[in-house]
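We just call them A, B and C in the order they show up, numbering each chain from 1.
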Amino acid sequence: MRDPAPRRLRRAAALLAALVALLLVPLLAGPARAQDAGAALARMATEQFAQIEAGIADLTASGSPLALPALEALADGRLYYSPDKSVFIKQADGRWIDARTGAASAADPASPKPVRLNNRVRRALEAALGSLSLMNPDPAKRLAAAEAVVKSRDAAALPAVEAALAKETDPRIRKALSQAKAATTIFLDTATESEKVAAIETVAGRGDQDALNLLGAVRERGTPILKLAAETASAGIERRLALLNGLQNVWYGLSLGSVLLLAAIGLAITFGVMGVINMAHGEMVMLGAYTTFLVQEFLRTRYPALFDLSLPIAIPLAFLVAGAVGVALERGVIRFLYGRPLETLLATWGVSLILQQTVRTLFGANNREVGAPSYMAGSFDFFGLTVTHGRLWIVVFAMAVFACLLFVLKATSFGLKMRAVTQNRRMASCMGIRTPWLDAMTFGLGSGIAGIAGVALSQIDNVSPNLGQSYIVDSFMVVVFGGVGNLWGTLVAALTLGIANKFLEPVAGAVLGKIALLVFIILFIQKRPRGLFAQKGRAVEA
Amino acid sequence: MTFRVTSFLAGAAVAAGVTLASFAAQAQDTIKVGVLHSLSGTMAISETTLKDVMLMLIEDQNKKGGLLGKKLEPVVVDPASNWPLFAEKARELVQKDKVAAIFCCWTSVSRKSVLPVVEELNTVVFYPVQYEGEESSKNIFYTGAAPNQQAIPAVDYLAENEGVKRWVLAGTDYVYPRTTNKILEAYLKSKGVKPEDIMINYTPFGHSDWQTIVADIKKFGSAGKKTAVVSTINGDANVPFYKELGNQGVKATDIPVVAFSVGEEELAGIDTKPLVGHLAAWNYFQSIDTPENKAFIEKWKAYTKNPKRVTNDPMEAHVIGFQMWVKAVEKAGTTDPNAVIDALIGVTVPNLTGGYSAMMPNHHITKPVFIGEVKADGQFNVVWNTPAPVVANEWSPYLEGSKDLIADWRAPLSCGNFNVKTGKCGGAGK
Amino acid sequence: MIASRLLAGLDLKGRVFLAALAGLAVLVPVLNLAVPETSALHVPTYVVSLLGKYLSYALLAVALDLVWGYCGILSLGHGAFFALGGYAMGMYLMRQIGPRGVYGNPTLPDFMVFLNWKELPLTWYGFQSFPYAMLMVVLAPGLLALVFGWFAFRSRVTGVYLSIITQAMTYALLLAFFRNDMGFGGNNGLTDFKDILGFNIQAQTTRVGLFVATVVALALGYAVARAMVNSAYGKVLIAVRDAESRARFLGYRVERYKLVAFTVSACMAGVAGALYVPQVGIINPSEFAPANSIEAVIWVAVGGRGTLVGAALGAIVVNFAKTWFTGALPELWLFGLGALFVLVTLFLPKGVVGTLSAWSGGRRQAAPAGVAAAPAAE
């Protein structure tokens, strides 16, 4: 009846059990341990991964206090060995510790080589380190260790789990431990049927994929009663998961929509408000991304401690850089072409080629590395939904940019003038608004926002000269779909397209989904040639 | 932050020099070598490096006294990542510039575009990138890996050393991933992997939103069996893919990803710390510690005047290809294509990883296979390698259409698609 | 009879252009086939193919000028029609390979064999026949244009919006053709052609033949376009371009006029694509890339919008420059192309030919002047 859990998990669990047992039982004679540890360490002084892995197992099994520092050093790549099979730990200050004694090494080791790691060794190492964690003072580590047992569902871990459960006070960890206990109980030959049914209920309380996998195993091999219990429980979980899947698609769609919104919102100003078809818009995004790269590069070489501030610093700079290029573009080229929208399309396309090639000659054609600050990395669990920090920040950021822009347009005198010029240029001019200056500033604003978008996109996409190209068609689609000259339209369009895309993707595949959306937009434009939220009035007919 | 203004100016000067030189060349009597790599457009990202390698190799050879007593002269043209332009430029190189050999291409489509031209004009071409196989031309010498020199060893490694039982074959939707995945699928099934344990996924070029697919992979991988991703995702799409993997917390110890198109150059654009332990399979890694490799890396860094420049597998392929060509020309005593093509078969040169590579009668070379794990510094830690160089299967035994085909360009067979069943040259031989 | 009427409708530029084409059609074959290779006057075969390529681009430019210059439709999707024509020709050429493919399969092209396709997809039926393929060369782009135009013009999608949805159209096709499941060879496209109508496609004489065919097609395309714009229909077309609402109020069914021009233009682009493919030897989805269509627009702009001759010349000159630049100064090519876009739109809004004819003779009533004064702004 035992589930053939992967070998590594069983081994990990066995280790865990051994360790916990060793920790609970009063320590036996020390010297023998030290000897075992020494032998285990000597085993690791090799090129062979299998030997290193075995060494880790021996070392943990030895229960020696020397094990933990040596394993931690190995995880950090600070564990070295010499040809004479002596093993050393390199300290942060460059000094050496003899791993077999734990004392400072008398002499520097002769030709030290780092003990090598591969995924297999790393896994054994993680399991070994993790097994120490069931009693770890850090609650997060204890929780992770309990979760590991839920996945491994190995009977050998049961005593250790029970021991831990007896001492645990944190309710969350207690819950995880009891689930771990249940997960192992289900497959225990000695447990009674009623115990198992109760265990099934406990496990089903998780309501996630792990629980479903576990119940699946019961449904294959359990007694009729257990099967029935498992089936009822899995049906509930499946409903929950289906709902969650829908939610996940909405979230992915929102995040994709935010990316589209960021890419398109600058265009909503230059194209939507000013009527300029700016094909160089994508390149403004690219300039923003490269600005981020430069800021990070500068911080990395000069002030590495400030790396986390790189994005807040890059945002205003990207706005200024892209905005300045935008103003120059408006003054240098576009102002001669007002009233000839199709010509601006060609001229700005030319500008986009020039900008791309300039960046390519300055920075090279290769992708540039833009790192994620610590708060953008990783993910968290939101009721079973994996939400990555980076995406969450981008969604928040996109909404913030949108709100700021709305504020500028609706609540500042600059915005008022801008709207006046859009609605009736000549009248606005008569009222004393310097329309050429306003044109330049508006274009600068649109370009600057594209630059800001570049900062965000640098976190999820390639920073290469082609960055802008990949967003230009999508951006135009968003603006046209939403209705030119309407910021709310752009917001709705971006989010709609993002979510629609994510719901189509699992059904039709990424490519067909995208094609379907393009065809939809083409047809939609036939129905409503001015987009979702058409601007009313005579101005648009001009 | 290295601005490339100087190198750009130098490039412009060289380019101008080349044009001027091409007028002077008639008198000086040099041997011309065509370098056909995209310097602009989407493929510039990968191919510019190969052009630089070729220029360095040619300069080096000239320092050693050239070839057959003549200087070598590079002719660099830019096909601008435009496939028809590859064919046009190849024709121009042969008919106008009269080059003796062409070092060309990155993508399969560019090679396919050039192929009819070079077969017609009978030119020697070296192709340095790993590809899907299923081709053997009289005129093309494939110095990159065929699927059995990269993909199959990688899968074997994962199955044996990591105990992988469930496979995600993720690729960009074009011929290389399609064919490689077809081969891998057949291979895995022949090893007893069940169809429900294989998930195949294709995405378009430059795909940037990987949320759904990474989530699917996670789900597929949580079914209790050890899961790995075999990635034939191409170029630009890799960075967002790896970023998403890192963000969603897919660690190499949970679901390792082995990639066939991600090398040192590609990693240079990514923060590799979350990716430590993911794998790549190549025939060369910069981190391989041999005297030849060390010397090459130093030379490369000095040549590009950039101490941070990395080396990668296709670069080594060009190094091998160029050395083979030089040796074959010396052996033949002429640059006449027929003589060189005959002389090339059997030529053996040292590779950069401490062994030797030989040109086989199927116009592919023998290569050692290495599996590397990504390190935090963007380099690879070699964790496994084949004991001996592997001979390429240009026609995969795992594909229905090609299992009976072999290529042997030696007389009297002289055939790129000989059918061993029917005993005739020309595919099915009907 | 028709010919004389056509000739009568031509202005000086047109006559010079047709005469030059006739000259090319005679001179190039002679210089290639009859003059020995050692002679300085010899035209190498690769130049013949290169010229053929330029001329097929020129035909695309003429097609584009017909809709943009005379009808005010700035299509950013003409590359799609060109590529569709090219694919139709490519499919014919693939079927001609027959059992000579590397796998020796008599019906399936190589890429289908190694992707394990068992039988020919429906879309490929009939392409072994040349007349059917030629029909599809015209019909495929023509139908697409008809349907697309019928929707777009009927609902009065104009100006910028039209440009952007034509771009969306070609982008969608690009994505679709990249998919291997579509059965058009995916990214690798169609290549390694063997022969056309029984002639070896690599042979010198075939190449010359294809070149002559391209010259004839360009001359015909020009003549058709010229006849269209000179007719009463053409006058209405120009009226639509300059003031669409006014033309509509006068009682013209504007959308029909546009639809005819758009469809004819798409067919011409398809023919251009069909002539392009055998001469360059490959057709691949990147021909659908929006950038290609935009580049075609710049040829027209450089040569002179609304002049037809200018469009053809623009295509030839820009592509010649591209060939030269990418060989000589590869790093500078994109700067050059980009600057060309900017400078032409800023300083030569009428293009080279338009500016020249405005200078010479001061024939102000000529079409180009109208173009500059009232471009296709809504």
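Keep in mind that, in the parts below, a residue touches a chain if its C-beta (ideal position, glycine included) is under 8 Å from a C-beta of that chain, and two chains touch if they have at least 3 such contacts.
Since the structure is predicted, the reported quantities are computational estimates derived from the model, not experimental observations.
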item: Least step count from chain A to chain C, where 1 means the two chains touch; value: 1
item: Label of the chain whose CA centroid is most distant from the centroid of chain B; value: C
item: Nearest-to-centre chain - CA centroid comparison; value: B
item: Chain centre separation (chain A, chain C; CA means) in Å; value: 46
item: Whole-Å gap separating chain B and chain C, where each centre is the average of the chain's CA atoms; value: 35
item: For chain A paired with chain B, centre-to-centre distance based on mean C-alpha positions, whole Å; value: 31
item: Of all residues in chain A, the ones touching two or more other chains; value: 357, 360-361, 511, 514
item: Chain C, residues touching no fewer than two other chains; value: 175, 178-179, 331, 334
item: Chain B, residues touching no fewer than two other chains; value: 8, 40, 173, 202, 204
item: Residues of chain C touching chain B in the complex; value: 44-46, 49-50, 53, 99-106, 110-111, 113-116, 175, 178-180, 186-189, 191-193, 202, 280-282, 284, 286, 323, 326-334
item: Chain A partner contacts - residues on chain C that touch it in the complex; value: 74, 148, 151-152, 154-161, 163-165, 167-169, 171-172, 175-176, 178-179, 290-291, 294, 297-298, 301, 331, 334-335, 337-342, 344-346, 349, 375-378
item: List of chain A residues in touch with chain C within their complex; value: 275, 277, 279, 333, 336-337, 339-347, 349-354, 356-358, 360-361, 469, 473, 476-477, 480, 511-512, 514-515, 518-519, 521-523, 525-527, 529-530, 541-542
item: Residue numbers on chain B that touch chain C, as the complex places them; value: 8, 11-12, 15-16, 18-19, 39-40, 76-80, 82-85, 87-89, 91-92, 95-96, 107-109, 112-113, 115-117, 120, 134-135, 173-175, 178-179, 182, 202, 204-205, 399-402, 405, 416-417, 419, 426-430
item: Chain B residues within the chain A interface of the complex; value: 1, 3-5, 8, 40, 42, 44-45, 48, 161-163, 173, 202-204, 206-209, 211-213, 215-216, 218-219, 222-226, 236, 239-240, 243-244, 246-249, 252-253, 256, 265-266, 268-271, 274, 277, 279, 373, 381, 383
